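Lettered A, B, C and D in written order, each chain numbered from 1.
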Amino acid sequence: MRADVHRFSLKDPSDVSGLNEAIEKGVIDPAKIVAVIGKTHGNGLVNDYTRGYLTLCLSQLIGSQTGASAENVRKRVPFVFSGGVEGVLSPHYAVFTVDPAANARSEQKSLALGVAFTPELSPLDVGRQRQIDMTAQAVSEAMTSASIESPDDVHFVQVKGPAFTLDDIVSAGNTGQSCATDNPGKLMGFGRAASALGVAKALGEIPANRALETAVLHDFDAYSSVASVSAGVEVRVNEIIVAGLSRAWSGSLTIAHRSMQDALDIGSITDLARDLGLSPAPQVPTAQARRIRAAFVKCEAQRNGTIRGRRHTMLNDGDIDQQRHIRGAVGAIVAAVLNDTALFVSGGAEHQGPDGGGLIAIIAEKGIHVE
Amino acid sequence: MRADVHRFSLKDPSDVSGLNEAIEKGVIDPAKIVAVIGKTHGNGLVNDYTRGYLTLCLSQLIGSQTGASAENVRKRVPFVFSGGVEGVLSPHYAVFTVDPAANARSEQKSLALGVAFTPELSPLDVGRQRQIDMTAQAVSEAMTSASIESPDDVHFVQVKGPAFTLDDIVSAGNTGQSCATDNPGKLMGFGRAASALGVAKALGEIPANRALETAVLHDFDAYSSVASVSAGVEVRVNEIIVAGLSRAWSGSLTIAHRSMQDALDIGSITDLARDLGLSPAPQVPTAQARRIRAAFVKCEAQRNGTIRGRRHTMLNDGDIDQQRHIRGAVGAIVAAVLNDTALFVSGGAEHQGPDGGGLIAIIAEKGIHVE
Amino acid sequence: MRADVHRFSLKDPSDVSGLNEAIEKGVIDPAKIVAVIGKTHGNGLVNDYTRGYLTLCLSQLIGSQTGASAENVRKRVPFVFSGGVEGVLSPHYAVFTVDPAANARSEQKSLALGVAFTPELSPLDVGRQRQIDMTAQAVSEAMTSASIESPDDVHFVQVKGPAFTLDDIVSAGNTGQSCATDNPGKLMGFGRAASALGVAKALGEIPANRALETAVLHDFDAYSSVASVSAGVEVRVNEIIVAGLSRAWSGSLTIAHRSMQDALDIGSITDLARDLGLSPAPQVPTAQARRIRAAFVKCEAQRNGTIRGRRHTMLNDGDIDQQRHIRGAVGAIVAAVLNDTALFVSGGAEHQGPDGGGLIAIIAEKGIHVE
Amino acid sequence: MRADVHRFSLKDPSDVSGLNEAIEKGVIDPAKIVAVIGKTHGNGLVNDYTRGYLTLCLSQLIGSQTGASAENVRKRVPFVFSGGVEGVLSPHYAVFTVDPAANARSEQKSLALGVAFTPELSPLDVGRQRQIDMTAQAVSEAMTSASIESPDDVHFVQVKGPAFTLDDIVSAGNTGQSCATDNPGKLMGFGRAASALGVAKALGEIPANRALETAVLHDFDAYSSVASVSAGVEVRVNEIIVAGLSRAWSGSLTIAHRSMQDALDIGSITDLARDLGLSPAPQVPTAQARRIRAAFVKCEAQRNGTIRGRRHTMLNDGDIDQQRHIRGAVGAIVAAVLNDTALFVSGGAEHQGPDGGGLIAIIAEKGIHVE
């Protein structure tokens, strides 16, 4: 098997011209697309409809190019879009393809991809044990399908789970049961948290007896160092994309990741760049930066209201949501080091990396210094 | 003469406890305060009243400690506050003091400070020739008073000019003349631009025949590499603070600056840190970071809607002002390198540094590598 | 001919279930749809993509139900969506149908509809003479096609014109010519203004020698009392919908309009309700309110910063755009009188109704007191 | 005793020129000021510092005019400012004075005012039983001091309680106890709710066994029909102002109130206007409107996401807080009926009026039809 990744710029959330051109030119075989991850123009909060808009347009394009309905494309291909391109960030999407025909078992590990889906989740499931366990099971399935042998070889697990509007929450409450919270934005946080614990459980990062509903948004020392979870109103299941390394795959791409200890942890970014053979001194040179195929960042505003002892104001701001603040900040630091603004930077890093920090993963062309 | 700088954290815009304690303990002599520069909690736009609130509280404190009225303190001491502590930035203020009794002429150049004020400016003057020329004249006065011999020794010129609300603009228009624009936010931009051209004129960065009203917001290749201009409704004159180096001053502090070519120009930040004997590899270590006494950054969203060829969305965003976006982004990059979040980061860099870029200046304790 | 109007609630901008159900049940013949006007969830500013999202979904639905491509549906049917359902307003869309087979010439005038399109407009045309003249011509065509004999019988002219992002404006500028402004949001205002002057010209509300480019955003006493103009990035031509009264049409619907003198002009709202046989004392009773089929409001924040002598803050607010403020305010007043929140309320009333005011038009079932 | 009320316009949050002029001219005796209630320019959320800014400026003015310190003025006079003048609303403050020398017991009831304060409240007290009980006790004290005999004669109880930033909440949590919530904005809601239940308890609107901590933000059918509660970071106690009618007071002013059943309940507004002898048909005429001395409105976005069966979007909006939405909407309806935009409109009506609705109270000059 061989995995490939292509990134396309996004003029507006319906702009699928980049992928369309790549298909027309034969650069991408639409039947081999297994996942799409991107950043769209919206606010990244509950009322962000740019994620669904792009999902619709891309699934229709892929459908029309493969003779499938858009619905069937969406059942097969996770479309994981996070809204919010604050500051220097650039709207884009990365298309992941798998060529199963490519030749087998090589000496060197290469980028390996696996995809899986949970069953449908109701608003009542969000942030609850069912979401944790379903997610864990789907992650295991995706690892197996990707022939990734060890959890140590998993470098990035993207989960896109459902968000619900007040409408949905009120309807769910009419059954007599109640959701984890009746605040739509806060319920997104519960969902991200439970999903991250599911990933941590599947990869053995935490023991099963800590991957519990009671730990959700509570035991922040329980986390996955490779999970990245988003939520959006346009999906109803947890969609899972596992990216790692495997000798069962060939190709020119590799992947690596690092935890970020806090929002200022630029050292982990430069270390990761060096892990991949890049030279961030202090910035990856333009020619080298072309080797970067995609980068994924999770981050969050530190809960105690300070960063390295100094106050931040992100949690008191009634005009700009804390997620928009932190994406703009951490996204800029990563962009400055990598010399690349088309980054997937997502806020709300509950149980995704160290508390107050997060994670960064990069897919890049193999370099000289890489294994 | 000897200059000193102390930074204080700001819990809310009326929190003057830090300076008060320093005065009570004898660390700062309130009579020697010549300027205060800081970042407050507001949005940094026209309806940001946190700048005026802090100005009131500080001028009353200094007044009560020196036996002067708050009004007289404000006439003597520029209070330059920029609103908006987006992302990782931390609200704070830096207090500048000058001890004239300190001993004279040394071998080594030290931080030198000069302050001056223009006459009162009306809404009709903003962005016009009168603001350019008055600013230039005041900058020259401040240089002279600071005994800075050469424009090359000027490393930072902070200007705080007036902003006007719609009320003021409408009143001014009733005289039959019209303002440069009737949009309050845009008029702030005109004022910053004209003031920056005034600085450039005074320092010989551009010839007098380019420091014209017609160049305002038009000839963006005409700029000052050391000007930093803010505007706020709480002042009616251009207040000027010139910071540079001079052998007429002694003391432990120095200053340096660099231009930033664009929002991702992390190299200029690390270069500047090295100029000051710091080791940003990639981050100034905590112990070294204590030597930083204050840092000043100007930045702006690139006018053509791209950064290094990739789209940004800052200029199309109806929910978050472009200045809030860019401050959060560039502020985070600088904070990550300097290991310091109490930075004066100000948007709206019209004619302040290269177009699409800006500038960074740092006041630090002299280090081993410094002249 | 017979015109009909059906309103549908919108759960999210892709929710076309209401129209779909009406088509499935035979209530609406999709081939007879001539226009759709609605309010979507976005901010109503440049970066509002909910308008395009709903346009795509509705055009695809109508296309699939009529055997046409979505593109061809969009060429035939204007989809006029205004973003921003502030306060009590409710997202919805109103579907306009015309049955040409319905019987001719009646004693009583009935709702008459006409649709027309201008040629494509470039960013350079926006706010310029070409947009004025093209719009005027298209309005005349739409009147003729609607068999509306006199301009006095025209009660509402909806125009949806193009908005352009910074990308487009920069590209247009590369030709050497420049747009009316390089600010995307402000260019929307220029486009609304020029289009409104075009309507006023076509209806003889102003003489041709006042419908000039130089009057745009300048001569605010030149206005159309029935024009309502929106702009959005999802169209490239001015789409025109003329609604009026004609004896060539039959059916149960009528239309009326009033100018609003300012944002507090509740009297014009109650007067208009009474014109239509409703009893707003002070609120149209629920049973009567069902007779309202659609209502359209244009409004704007008064330019001098006051309303009836008291300051408002809408034009100084850096956190909420003035259009969002005024839509929420005027929309609530109209909703309270009409007992109906599914209103098309649109800000930016440049040359649309009296300066600082706007207009209101209602389509309702004919009542006892109506002609 | 005789009560009087004067309203002043507010150019910016430090603009105390109106009161200053009234004092200078002898219209207001500063020693007789017992309370100030107003609307300032901020967002009305946690990071709104305009309330504190105006409090500082007014307390200093009154202090300087009465020979007291600003601190002592603040201990004696409640300053209740609510941020957020959305839409047509106008920033202003109403100054309440009491002349104790004025002659006693009259036939007709007149406006009666009483003021009281609770002890200091910590973040841990907010939303808890202590806040309920302390508030109830202070309301009783204020009624007694105002010689209001029956709870039926109480028409408006304004409470201003403390809000806390994340800093405060984190500090409080360090004691081992936890606050009702660690979200600063949500804690404001807890505080408003508990305070409202305290008012309801004091006035016998609910029995003591329903005025319990467990009812806070839970039993929404338990409410006070006259309570209006705001919260702000600038106070640390609950400040209570009781306004009602009493024969122990003379003067030309009266007060009345009505509950609003929902955001569209315009009928209660016109009914209340008629209660006071005004003629809202549909708008109070300008000459009559001058009789209105102050008006107070509480309102909230309906929790189930609909108003009269139609969806609103206020609770899903990540860009504009629900309180800003609802203040702008309900404020506009009241302004249109009363022909007055200088209204105290405050969001967050938890347990203040019917669930989803709120209340309106008006102080006006006695008219012909009034008792």
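By our rule, a residue touches a chain if its C-beta (ideal position, glycine included) is under 8 Å from a C-beta of that chain, and two chains touch if they have at least 3 such contacts.
This one's a predicted model, so the numbers in the text were calculated from it and none came from an experiment.
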Far-end chain from chain C, centres as C-alpha averages: B
C-D compared against A-D, more contacting pairs: C-D
Centroid distance [mean C-alpha coordinates] between chain D and chain C, Å: 39
Distance from chain D to chain A - Cα centre to Cα centre, in angstrom: 46
Where chain A touches two or more other chains at once, by residue number: 11, 41, 43, 47, 165, 167, 311, 313, 319
Contact graph of the chains (line, ring, star, complete, other): complete
Residues on chain D engaged by chain B in the complex (per definition of touch): 11-14, 41-42, 47, 49-50, 52-53, 56-57, 165, 167, 233, 319
Chain A contact footprint on chain B (complex, rising order): 9-11, 41, 43, 85-92, 263-264, 266-267, 269-270, 280, 282-283, 307-308, 310-314, 319-320, 324-326, 328-333, 335-337, 339, 341-342
List of chain A residues in touch with chain D within their complex: 43-48, 165-167, 170, 182, 184-185, 303-305, 311, 313, 315-319, 321
